[in-house]
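First the structure, which I've put down as structure tokens, then a few questions once you've had a look.
Here the chain labels run A, B, C and D in written order, and each chain numbers its own residues starting at 1.
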Amino acid sequence: MIVKMSAHATATEVDAIEAKLRDLGYGVGKMIGSQVTLLGVYGDIFKLPQDDIAQMPGVERLIPISRAYKRAAQKGDALNPIHSPVSIGPVTVGGDELTVIAGPCSVESESQIMESARMVKEAGAKCLRGGVVKYRSSPYSGWEGLGSDDQDSLRRGLELIVKAGNAFEMPTVVEILDPTDVPVYEDSGVACLQVGEPNSKNQALLNRLRDTPLPVIHKRGNSLDTEAYLLWVERVMALGKENVILCERGIASCNKYTRNTLDLGSVAAFHYQLSGLPVAVDASHGTGVRDLVFPLSLAGIVSGASVVLVEAHPNPLIAKSDGFQGLFPEQLRGLVRAAEEVWRTRRTNEREYVTTAALERDYEGRMQDDRKRFFGES
Amino acid sequence: MIVKMSAHATATEVDAIEAKLRDLGYGVGKMIGSQVTLLGVYGDIFKLPQDDIAQMPGVERLIPISRAYKRAAQKGDALNPIHSPVSIGPVTVGGDELTVIAGPCSVESESQIMESARMVKEAGAKCLRGGVVKYRSSPYSGWEGLGSDDQDSLRRGLELIVKAGNAFEMPTVVEILDPTDVPVYEDSGVACLQVGEPNSKNQALLNRLRDTPLPVIHKRGNSLDTEAYLLWVERVMALGKENVILCERGIASCNKYTRNTLDLGSVAAFHYQLSGLPVAVDASHGTGVRDLVFPLSLAGIVSGASVVLVEAHPNPLIAKSDGFQGLFPEQLRGLVRAAEEVWRTRRTNEREYVTTAALERDYEGRMQDDRKRFFGES
Amino acid sequence: MIVKMSAHATATEVDAIEAKLRDLGYGVGKMIGSQVTLLGVYGDIFKLPQDDIAQMPGVERLIPISRAYKRAAQKGDALNPIHSPVSIGPVTVGGDELTVIAGPCSVESESQIMESARMVKEAGAKCLRGGVVKYRSSPYSGWEGLGSDDQDSLRRGLELIVKAGNAFEMPTVVEILDPTDVPVYEDSGVACLQVGEPNSKNQALLNRLRDTPLPVIHKRGNSLDTEAYLLWVERVMALGKENVILCERGIASCNKYTRNTLDLGSVAAFHYQLSGLPVAVDASHGTGVRDLVFPLSLAGIVSGASVVLVEAHPNPLIAKSDGFQGLFPEQLRGLVRAAEEVWRTRRTNEREYVTTAALERDYEGRMQDDRKRFFGES
Amino acid sequence: MIVKMSAHATATEVDAIEAKLRDLGYGVGKMIGSQVTLLGVYGDIFKLPQDDIAQMPGVERLIPISRAYKRAAQKGDALNPIHSPVSIGPVTVGGDELTVIAGPCSVESESQIMESARMVKEAGAKCLRGGVVKYRSSPYSGWEGLGSDDQDSLRRGLELIVKAGNAFEMPTVVEILDPTDVPVYEDSGVACLQVGEPNSKNQALLNRLRDTPLPVIHKRGNSLDTEAYLLWVERVMALGKENVILCERGIASCNKYTRNTLDLGSVAAFHYQLSGLPVAVDASHGTGVRDLVFPLSLAGIVSGASVVLVEAHPNPLIAKSDGFQGLFPEQLRGLVRAAEEVWRTRRTNEREYVTTAALERDYEGRMQDDRKRFFGES
């Protein structure tokens, strides 16, 4: 952290801040320019009372140098990053194998979710997803899920998908919207909770999820910067919870053709640079266009995702919600086959991935020679 | 609503849709082009089972022609729009007078909120605001409000601000984060609830607020299109609730200098074209820069807002949260005085505001002559 | 095209528009609702004088139903789309093989571009790129390219890269900034012109490029919607030019970690749905982070790109511009090898890609049965 | 400027950078933490060879502390900022009076521009605007301005607007698209050049305008951050040119209802904090909705603009371009009257505008007491 003093700060003010920081146990470095004085702060930045410091006399602003999250951050170093798998029931996510999580937008009836589970299993996916309470942008859409009436209806809806998952030996992933409902989900046998995009910054819900033993897929809010999102994820992990899965599902932009803009640059940044958590990609919401789900899911894998979240339905033409982006059974089968192939290719290709950290030192040694060769500098 | 058939739709499919729509009681108009067939649907679009229609064979997509919200929509017509005031305790919002709602980001202690209330009253503002549970982007910021521990702490925190409001005869506005807490707020004597930006699409919370008799200030999510936001507002109003206040507090964009981009074009659209609800503008969050709050709050009034929401603190240098954007007491006083002046100017100037609806017919009558005059066309 | 009449339009006004459209040779369909009247227009929409119609009395607005571009649009149909290759010198782009276009941000000296060309050739790329006049966001950066002084310096700079390309038998791609310079580029032996992102909407330059026989890589402006970009591409093609290559290089968003947001959803939309032109992906500018160029270039291929545009330098640590995103030689070699592998995988996997158009009819036939099965409807 | 060393930088590398900086005449401060070493650089940052430094061994990145522009920057200090007026012919812009620049999107004919000039004069505006070559998003719109054929047609088109301006004693503002055309504009008698949004980053055009004695209105590109825009403006001014006017005309965002998002937060930042140049606001393009031009132009003035740029037409219903956003004559008259009133109110209200710089010192003195009073801290 750097403390930038304002142009009219006095020497006394600078001294007061240095003293305060040293009192708190931090190391302090000072750089005094003709117009600007900077103080560098060394120590555990996560414990620094930033607001207090920022409001001391003469301070203009704090300039962060290091990351503001640590549990969501990548461990290891640039040459040997550490990625930690997460378990969804018996399925290990984020390890050596790809995980496809598929299913309908909504659980609509017992026969529908049972047939959906069969479809998902036969396609080769490992987990079953399905919503029991649904987000709807319009309050007049007439369908907010089987479980939207009260906790009893929620309980019955969850029973249906858990039963279907059990029948085909797949753990289930279901979205949660209300912090009050956590016990109902925990008791239902659901294997994994999902926080949807509209709740990505829902502090009451995120705080409540700190306690649950269930893994959580935390979707990125569509206006959150790459690292600002990790700070919201950090909220769920702040007290020690570790089984969290990142999910990119599209951000807002100037685009109109696709429903959202799937940000695969952030997927790559999460996996290769910033975080050790498994990364999921949801191209169903990320594009909102059924025939783009195939290429974008695969591109997500190549970018660094090890989880593909995808909507599919035994007959999307009669789905009660989001049918326009749900895959047909044939499309789901094709996607899972292709995804496995792309996953193998990515794993092989990673041998060709040479990070800058591995090369920089060598090229530094050649700089003087290269300058001479190219520019005639001596 | 227009139903666009896909290029390969059959005549039978077109007929089936027409029959279905007529069965549902809608009028249908048909336009058959060489490449595209369109069906126009007449009737109460809010009751149309859109998903069902969208998924019928041969349908490419539905193209909305009218607005998808009705309670949040402006009543009256373009020449005589109707605006409905909302009461916050004894204060009428959205009528002939401007309302400034001011106070600290957080209720920090009894003496702090009491002195804040005095400051707000003396500055001439009408309502007191203050958070008892606070959003924080970092889970390590060390302060989430006096009421963040449990419902008891929440109750005690709300008591403090209500007491301060009572002492200075001002109704109070407090943010709510968790649907479970609604009864605590209702019992506390708080006059108005606020839904913050991170909860703008929190379906569980919005659904729960349909029942409360308290007025609700519903802040716009920072990635919501102008009309998409009104559809989330409509959710709160869907069962008949009417006392809702819109609030623009900045959207996400390419900007880095300001914390958010205050979208005053949408404020003007809300007030002059789309909605009859009162519109608030929050330049504190909308800019995140203390010295821009003054000009932007005033610009918000000129754009169409009748409510100014603003953060101020008896000494922002020691505020526990958001001190960098909170006004100093002198700044709050200056703002309220200037706001009243700008409000009067706007009200006078509205006599100069001539809508297109009032002119179009006349200029249509001159079109032939004008074409001749300008382009020599006969 | 649909003409939406305003709510207060008279029958006479509706008749006048219908008459005007029929005079112009268009078919007209009319749908008269209780509140809104719509006119459907059939015929060659590209010749419709839209502004004239939009300003006729009683018209509220025009609602486009079909695409506003035709030469940039995909030919064929959803089941058999037609993709047309483009030649860059002897290299066929957009056909059965992947094309990697690599080289330094800037041509810096003869020895530097010669060694760059050797590096590009040895890595297995097919075309050499390099800038002779450079965009710089700061006017004080002190380097705007060897050719930035005048047309003579431009000529000498172009000579260097053409010579290097010839030495290693690779055609060259160079950016053009000023319409006046077209003849200099054409005479230089450069094989392909590039329009950079900052010039994506530079009408004078785009109009000028309509005449050049050289192929043009037209980069997407970072605030252009997917289809709005195709309309600017259409400008270059409007008089018949066909050898144009699309290029996605990142759009503006809430992101700060990556320099831009590479929009691979649009890449997939271009290739699989909207256009028949070859699509390039530029992950160097699309991420601005050297170690993300590898995964994102590969993801671009999987999304639908057949061209990879990438910056690389014999020693990026001494590059005069954009060195932070330029690949090291080892990284370029790894990328080309992996790209070839990913390209083969994508081509194989496309057998698994089943479009909705191929399935929809079948599932329509099952809708009644499926409804009965899932929802008990008869 | 701060130089952040990478985690694995050696002491030798740090020393080499320090030596290099000192050689260049800069002062250097060093802060060595347990994980990160930072070097502070003091001196004229505009002359620092940043790219060279950034690519030295061991450097991770440069972190700018001060602004990257200086001529576009505000002179004076926070308490006494200096604003420099610019002359458009005999009209002084950016001083004590408001300037309204109005006119049609395009010059369409002699009689049309003559009547437009009369309308503008009678409404009370001071300058006449009108395009002779027009941007069009579609190449098929069929109208690109009277001057779009060649330089002869351009010359004749410019003659028409200059003649109209002279007839009503108003200087004229016309957009330029092609650097080649600068002499034609200079010879025509046009008083001010405008760089449109699509050309905001057109380096060839901006470089060419460094020489012209004519004032330039440089519109902000719709994906440029507040300060990134000022860096493009700096390009025009880099060799000493001073008569440049800023213009906000809307940025890209999630909004669909308005054509662009008018960013008045940046307008306030330009005027009150960042720049000494006059600021114009263009609500015609900033909203793209005729009936929002009135409130948003006024809001622009309150935000800090001293110039209002607005499209108007004697009969917008027959305008050849952008008629949907052009004001009717009555609307222009109303706007100018209201704008004058709002301008006076702003000037009066500025007495109530108290900057933080004027208060901070006092409140710093009270911090200890206030902490004690509010939090019981001693």
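Going forward, contacts are C-beta pairs under 8 Å (C-beta built on N, C-alpha and C of every residue); 3 or more make two chains touch, one makes a residue touch a chain.
No experiment lies behind these values; they were computed from the predicted model shown.
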| item | value |
| --- | --- |
| Touching chain B and also chain D, the following chains | A, C |
| Farthest chain (mean CA position) relative to chain C | B |
| Mean-CA-position distance for chain C and chain A (Å) | 29 |
| Rounded Å distance between chain A and chain D, as computed from the means of their C-alpha atoms | 37 |
| In chain C, residues with contacts to at least two other chains | 56-57, 223, 251-254, 256, 316-318, 360, 364, 367 |
| Footprint of chain A on chain B - complex, ascending | 46-47, 49-51, 54-57, 61, 68, 135-144, 177-180, 198-199, 201-204, 221-223, 228, 231-232, 234-235, 238, 251-252, 316-321, 323-324 |
| Residues of chain A touching chain D in the complex | 2, 4, 6-8, 13, 27, 29-36, 38, 40, 42, 56-58, 63, 65-66, 77, 223, 252-254, 256, 357, 360-361, 364, 367 |
| Residues of chain C defined as touching chain A within the complex | 108-109, 111-112, 115, 223-227, 250-258, 260-266, 268-269, 271-274, 286-287, 289-292, 294-296, 298-304, 314-318, 328, 330-331, 333-335, 337-338, 341-342, 345-346, 348-349, 352-356, 359-360, 363-364, 366-367, 370-371, 373-376 |
